[in-house]
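One chain, chain A, links the two complexes that follow: it is found with chain B in the first and with chain C in the second.
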Partner chain A sequence: MATELRVVGTPARKVDAAKLVTGYGTFTDDFFLPGMLHAKILTSPHAHARITRIDTSRAADHPGVHAAISHHDVARIPYTSAGQSWPEPSPYDQYILDSKVRFVGDYVAVVAAETPEAAEDALGLIDVEYEVLPPVLDMHDSMRPGAPVIHDEPESHGMYDAERNVAAHIEVEVGAVADGVTEADTVVSEDYFVQYQQHTCLEPHVTIAWLDEDGRLVLRTSTQIPYHCRRMVAFALDIPVRDVHVIKPRVGGGFGNKQEVVTEPLAAVLAIKTRRPVKLEYTRRDEFTIARMRHPQHLTMTVGARRDGSITATHMKVLTNTGPYGTHALTVTGNTGSKPLPLYRSPNIRFEADIVYTNLPISGAFRGYGAPQGFFALESAIDEMALALGSDPLEFRRANHIRKGDTDPVSAALAEGSAKKPRVMRSNGLPECLERGSEAIGWTAKRRGGMPLRPNEGPLVRGLGMCCLMQGSGVAGDELAAASIKMNEDASFTLMLGSADIGTGSDTTLAQIAAEVLGVPLEKILVRSGDTDHVTFDYGAYASSTAYITGQSVLKAAEDARRQIVSVAGQMLQEDAEALLVADERVSSSSGKTVTLQEIVMECLYGEEKTLISGRGTHATKESPPPFVAMFVEVEVDIEMGTIRPIHLVTAIDIGKALNPAICEGQVEGAVTQSLGYALTEEIVLSPEGRVLNPTFMDYKILCAADMPKLTTILVEDPEPTGPFGAKSVAEVAINGPAPAIANAVHDAVGIRLRHLPMTPDKVLEALGRL
Partner chain B sequence: MILHLTINGREQAVDCEPYETLLNLLRRVGFTGAKRVCESGECGACAVLVDGRAVDSCIMLAAQADGSRVTTVEGLGDLRDLSAVQTAFADNGAVQCGFCIPGMIVAATSYLEENPEPTEEQIRHVFVGNLCRCTGYVKPVEAVLTAARRMRSGGNGD
Partner chain C sequence: MKPAPFTYYDPHTLDEALGLLAVHGDAAKILAGGQSLVPLLNMRLAAPDVIVDINRLPDLDFVTTDNGLRVGALARQAMVERDAAVRDVAPLVTEAIAWVGHRQIRNRGTLVGSLAHADPAAEMPLVFLALDGELHLRRTSGSRRVSAGDFFVHIMTTALDPEEIATEASLPPVPPGSGSAFLEVARRHGDFAVAAIAVVVTIEAGRIRRARVALGGVGPTPLRATRAEERLVDEEPTNELFVEAALAASHDCEPVTDIHGTAEYRRELVRTMVYRGLGRAVVRARTGAAG
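So, the complex of A and B:
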């Protein structure tokens, strides 16, 4: 292999960019089948009720309606909507349609009709009688004795304690935290509260389902997990996996919300029943009410330290609201502890959590996957501890953070997958991130130092805050990816990937790896991905796994193809294949003999010894190296209005190797922006009955271009020996940051601690004693 | 009712219901560049040009566009012949999932006609009506600045 990289490491144009900027029909809904029906869902008006009677016959008779179905028409098979590897660690507590509804918006019935209007009208013709049950509308009430039991049905399974509404429970300890607290000179212990956040993928959930000419079910669907989706739909419908074909076109944003199977089963049932193509698409209101959200939590974080600045105890206790279903319940909250807690060396670490059911909107996977909640608590507490010890928060973090060569004691105890072994830090660019990030923000010059407000000061006060972050690269021990590559007649290559590019740019990044190995320019790689009939198996796009895990499988597949090319070239050139070099679309020997890839492929296809060049690679690993971030932010607090305005946010991020720097920066900028909303503006407002009151972009505020602070992204590359070209993940880690960094900056500015997200003006004014 | 529209340069007579939105009509006749996101004028993903002016097609009745020239993102450039703005978006890493991108490109294209020498601040304000959940707006804004620079020096696409 040429030592100098030609394609990897360049900010190449994305392979799908041209069709996206021209609007060329490429998403699920940019597609039309003759005879396609439109599905509409009747949802529950009650937070908790039993359906005592339901009659869909009047709806079914409505003109244009082809099917109107309720729980009477589907088999009662418990499943989970969580798109995870089998057996999913989430409880099987969902049904395609059920006789009980568990939140406002739960599925009651569904109609398929020739027009959306006819389907909508037919919903009004469904007769339903409910026996309304008392709901649980606050997670603090879920485990109270006598609380209504949300899953009282016998068929559901996999819950930790259904009678007490506990979906999952976690308790792990390394060392003895009680001793650590006793040994400490200073203890910081505080409660933190984090809210629901909605992904607001611009493309809503949408599925088009039909039966193909062989009677197999085809799902053209907006998903992050084509292969899991195929298996899960087959299971929920009780049909063979081979009879399901999942096609993932371009996807208009996922962020975890599409690591869920939510529209596919209903669309599939309707397509099978009507024998017509059926489209089921969520509205924006549906996204805000019945899709998924980031889990709200109540965290109690305790840190103990000695006067010399060494940490003696780290204890995190969490109560998580999973909503009415336990999709991703255990694993998201597992990450709340397992991602943040190893960040600072501590001999005594304890993590305990209850993940409880409520009759509120459904929580699920969301970029960061539990870690943003945990980092908000940890990084706020660490800041407080540093100041309590009279040290600079930057220096305190420098002194205590995990080092290269350290093992992460928490991962083994808490491992989500099968990797019950300590994780060794083989790369760690955090020191460089701290160095370059603090310089970019002007840390020493601009810190206000938590000085109390002077009487004549204001109303605009600035401050600086920071935090450190880590994540993983895939689920250790629970990932599998495969890639195959074939050489075409014009010496181009087709790269076939099971992985799901959901806007992340993975098709491009992975093609860059193949191009590099095969010595061709990027445009000679055609990418086919995300279609279960045509590409190899992959777990899908989640857990920051694609570049690191699928990347290795692409590397192996390309090397396999290259070996075959070189062996043919060896015969053609009468040279030792081992000594040949592949670059610039040719194979050359050191003696100067050379043959082009075009000549090689023609020889393969039409020459003496007919053979096909086709490489394959699979990859699985027990490693999950963390990317690291040092994040710094300058804010301006208006002490009269209570507003917090971020001015400049610096993310210095160690990702091992930037396979495509433009894509990497984009991932960081996007993550940070979503999380600025989480920190400052995004909040689901619920009525006392549990109904979402703000299901529009007008009332649920995500940041727009004019709200943005200046963003600086610094890519740090400490090569990860187990990653492709030294790469580890980039997509999630930065999303853990802005909330704690801003809270710490607000403290630096005006001396108040905000421990309740989002940090809206009312909370600022209250903390300032001005409300 | 029958409408007479010029869509991306081609005159068409299209049958439609009086309550149908322009977005729905355009997608129905095959111009899927404009996206359905909020259907209430809040996100800009459905933006198209009607007689040269950028509008959110989800809150305009198709009937209101009767007799107009409608340009969608498909009409601004072609897969093999991108416009300056499209090229800049593609080359600046400004496209992630791409769902908001047609709306941004339409808005930027119409703005650059008014103001060929925009500042970063001005572009950010043009994009206030274009929500994006992927990019953090950094690279789309840079893309418009790049496109403006190239257009001023006479270049356009690839």
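So, the complex of A and C:
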């Protein structure tokens, strides 16, 4: 390998940039098949009800309608929509269509017609009678004795305790937290409340389903998980996996919402029934009501510490609202504890959680995957503890954070009795992140200290806050990726990937790895990805896995191809293959002999000893090295209006190696933007009956450009020995940050603690005692 | 979604347009900038049988500042925003108009259209109320002028009859010694106001001779805070006076709780913003600074 990197580490232009900016047939919906039908879904007006009678015959007779189906027309097979490795840890508690509805918006029936309008009109012709059941509309009521049982059907399975509406339950303890609390000189214990957040992907869920000329089901679909999708749809429809072909075109945002099979099963059923291509596309309203959300939680966070600043106890207790289905129920809340709790050294750590069903919108995977909730509680509590001990929050974090060489004690506890392995910190750039981040924000100079207003101070008060964050790089022990590379006649290479670039830039980053190893410029790598008929297996784009896991498989595949190239070159040059160098599209010896890749490929294909250059690499690992972040924010609080204006946000992030710095910065800025909304403005407002009241971009407040603070992103590179070129993940970790950093900054400015997200002006005024 | 079917007319003269309205009355809607109407059509919250597009009418895209301010029905908000002379004669308009939606919206949306739409949280109705503005209404059989105070009747309801077109909005010249201020709180840049206020004070010989305090987003129409105004008139402008007037203003409105803010929060905002607005307006009145 060349010692100096030529392609990796450069801000190379994205390989899909041209088609994205020209809009050329890029996304699922940019595709039309003759005879294609449009599907529309009839959804439940009730939070909890049994369908006592449903008749779709009038709808089926409506002009232009080809199918109108209800639960009578589909097999009753429990499945989960959570796109995870098999066997999915989420309960099998969903049905393509069911005789019971469990939230306002639940699927009741679906129609396929020649126009969207005809389909929409036909929905009004479906006769439904409901037996309305008492609903559970507050997660605190779910486990109460006598609460309505949301999953009383016998077929569903995998729930922790269906009778008590508990989808999943977690308890893990390292040491003994009770002793740790006793040993502490100071204990901080508070409750935190976090809300539903919607992913707001620009491209909604959309699937076009049809039967190909061999009668196989083709799904052109906006997904993060082409291979899981294929397996899960085959299961839900009870057809062989080989009869399903999933195509993932460009995707306009996933953020976890497309780590779900949501539109695919219905579209598939309709395509099979009508023998016509069927398109099912969610509207924006659907995204805000029947897609997925970030799990709301009630967290109780307790931290104990000695006067000397050492932490003796860390205890997190969580109640999670999974909505009516337990999609990602166990694993998201698992990460609420397992991602934040190892961040600070503590001999006694306890994490316990109940994930409960309600008749409210469906929670699911969302970038950060439970960690944003947990970090809000932990990093608020750590800040409070630092100040309670009379310590600077920066210094307190410096003294206590996990070190290189440490073992993650939570993963060790979770690993007991399983095949899993505890995480060891082989890289940790957090000290450098703290150093450079605090300098960029002006930490020492600008801290206000939460003091009362001085008489000559106006109503606008500024403060600084910070937090530290970590995540993982893939699901430890639960990842598999493969890549293959073939050499073409013009000495270019086709890189075939199972991974799903959902706008993250992974196709580009992975191509950079291949180009680097093969000694060619990026444009000589042709990327083919996201098609289960034509590319290798991959778990998909989630858990910040692609650069780290698939990246390693690309590295192996490229090295495999390079070995073959060098071997041919050795024969051509009459040199020892081991000593040859590949760079600048040629293979050279130290004695100055050289042969171009073009000459090599022609020799391979048409020379004396014919051979194909074809590399393959697979990668699986039990490692999941965390990227680290130190985040700093300056805010301005208007103590009379209650508004919080973020002024400057600094993210110093250790990602091991920036494979493409422009893409890394884009990931950080995107994560920060999404979570500034979570901190300040975004919330799903529900009616007392459980109906979403703000299902539009007008009323659901994602931040726009004019609302953004100045963003500074500092990329820190402490090489990760297990990652490709030293890289670990970048996509999620920063999303855990802004909420605790802003809450801590508000405290620094005006001395109040905000523990309910989003931090809206009325909450600020209330905390200030002004409302 | 797309709009329900409608018949589209694009008259080339005002008489032609008025004739269409005389025939279609209630069934017709006027399209100028379209920044409120077109979303309403697309969401099918409005489904008129007839759209009368007035964009081809001549001579309505004017902004004049010879004697107060006159704005024609086709003058875009951006045109008003960028007009330096407007800043001189009606600085409150310039200050407030930057809060209207986003730049793209102001490039198309018309000021008169915003008045005729009469969203209670919109900026321009509030400003025209504070500045004693007038609407010029035309119909086939004649014309009339309606003061802003009489024009705004209820939520998105005005004194405009179905056969009328608002051809112009005007403001009288501001007396010397006046200063004004506009404040707003919205959840995000470009959103409708959670609450907004506009104040105008005229100072003569050290006393407030005339005061206008107008409130937006806290009632079915923009409101005059009359008790606050009465408290201010003939008084010396002092901090204590502003505190009292602001408190009075917060009781001069009946805000409601909705998903963007509680009634209590809105009332508190009114108090804070009127207090701050009065301070700013008085400074501007004294220094003759813009605003």
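Here is the rule we use: the second predicted complex is superposed on the first by the 763 of 771 C-alpha atoms of A that agree within 3 Å, B and C clash if a C-alpha of one lies under 4 Å from a C-alpha of the other, contacts with A are read in each partner's own complex, and residues count from 1 in each chain.
Simple rule for what comes next: a residue touches a chain if its C-beta (ideal position, glycine included) is under 8 Å from a C-beta of that chain, and two chains touch if they have at least 3 such contacts.
For clarity, every value in this text was computed on a predicted model and none was experimentally measured.
Undergrad: Could you classify chain B and chain C on chain A, in the superposed arrangement, as clash or fit?
TA: fit
Undergrad: Once chain A of both complexes is superposed, is A:Asp16 in touch with chain B (first), chain C (second), both, or neither?
TA: Only chain B is touched by A:Asp16; chain C is not.
Undergrad: On the A-aligned overlay, A:Ala706 touches which partner chain: chain B = first, chain C = second, or both, or neither?
TA: Both partners, chain B and chain C.
Undergrad: Would you check which partner chain A:Val672 touches, where first means chain B only, second means chain C only, and both and neither mean what they say?
TA: Once the two structures are laid over each other on A, A:Val672 reaches chain B alone.
Undergrad: Report for A:Thr331: first if it touches chain B alone, second if chain C alone, otherwise both or neither.
TA: The answer is neither, since A:Thr331 touches no partner chain.
Undergrad: Kindly classify A:Asp762 by the partners it touches after superposition: chain B alone (first), chain C alone (second), both, or neither?
TA: Touch status of A:Asp762: second partner only.
Undergrad: Check whether A:Leu202 is in contact with chain B, with chain C, with both or with neither, and answer first, second, both or neither.
TA: first
Undergrad: Tell me which of chain B and chain C touches more residues of chain A.
TA: Ranking chain B and chain C by residues of chain A touched puts B first.
Undergrad: If we overlay the two complexes on their shared chain A, which of chain B and chain C does A:Asn694 touch? Say first, second, both or neither.
TA: After superposition on chain A, A:Asn694 lies in contact with chain C alone.
Undergrad: Examine A:Tyr24 and indicate which partner it touches, taking first as chain B and second as chain C; both and neither are also allowed.
TA: first
Undergrad: In whole Å, how close do chain B and chain C get at the C-alpha level once superposed?
TA: 5
Undergrad: Can you list the residues of chain A that touch chain B in one structure and chain C in the other?
TA: Correct list for chain A: 704, 706.
Undergrad: Looking at the complex, which residues from chain A come into contact with chain C?
TA: These residues of chain A touch chain C: 459, 640-643, 681, 685, 693-694, 699, 701, 703-704, 706-707, 761-762, 765, 770-771.
Undergrad: Quick one: in the complex, what on chain A touches chain B?
TA: 11, 13-14, 16-27, 29-30, 199-204, 250-253, 255, 283-284, 502-505, 662-663, 665-666, 669-670, 672-674, 696-698, 702, 704-706, 708, 711
Undergrad: What part of chain C is in contact with chain A in the complex they form?
TA: Against chain A, chain C makes touches at 102, 185, 187-191, 259-262, 264-265, 268-269, 272-273, 276.
Undergrad: Using the touch rule from the top, collect the residues of chain B that touch chain A in their complex.
TA: So the residues of chain B in touch with chain A come to 27, 30-40, 42-43, 45, 72-74, 76-80, 82, 86-87, 89-93, 95-102, 105, 123-125, 127-141.
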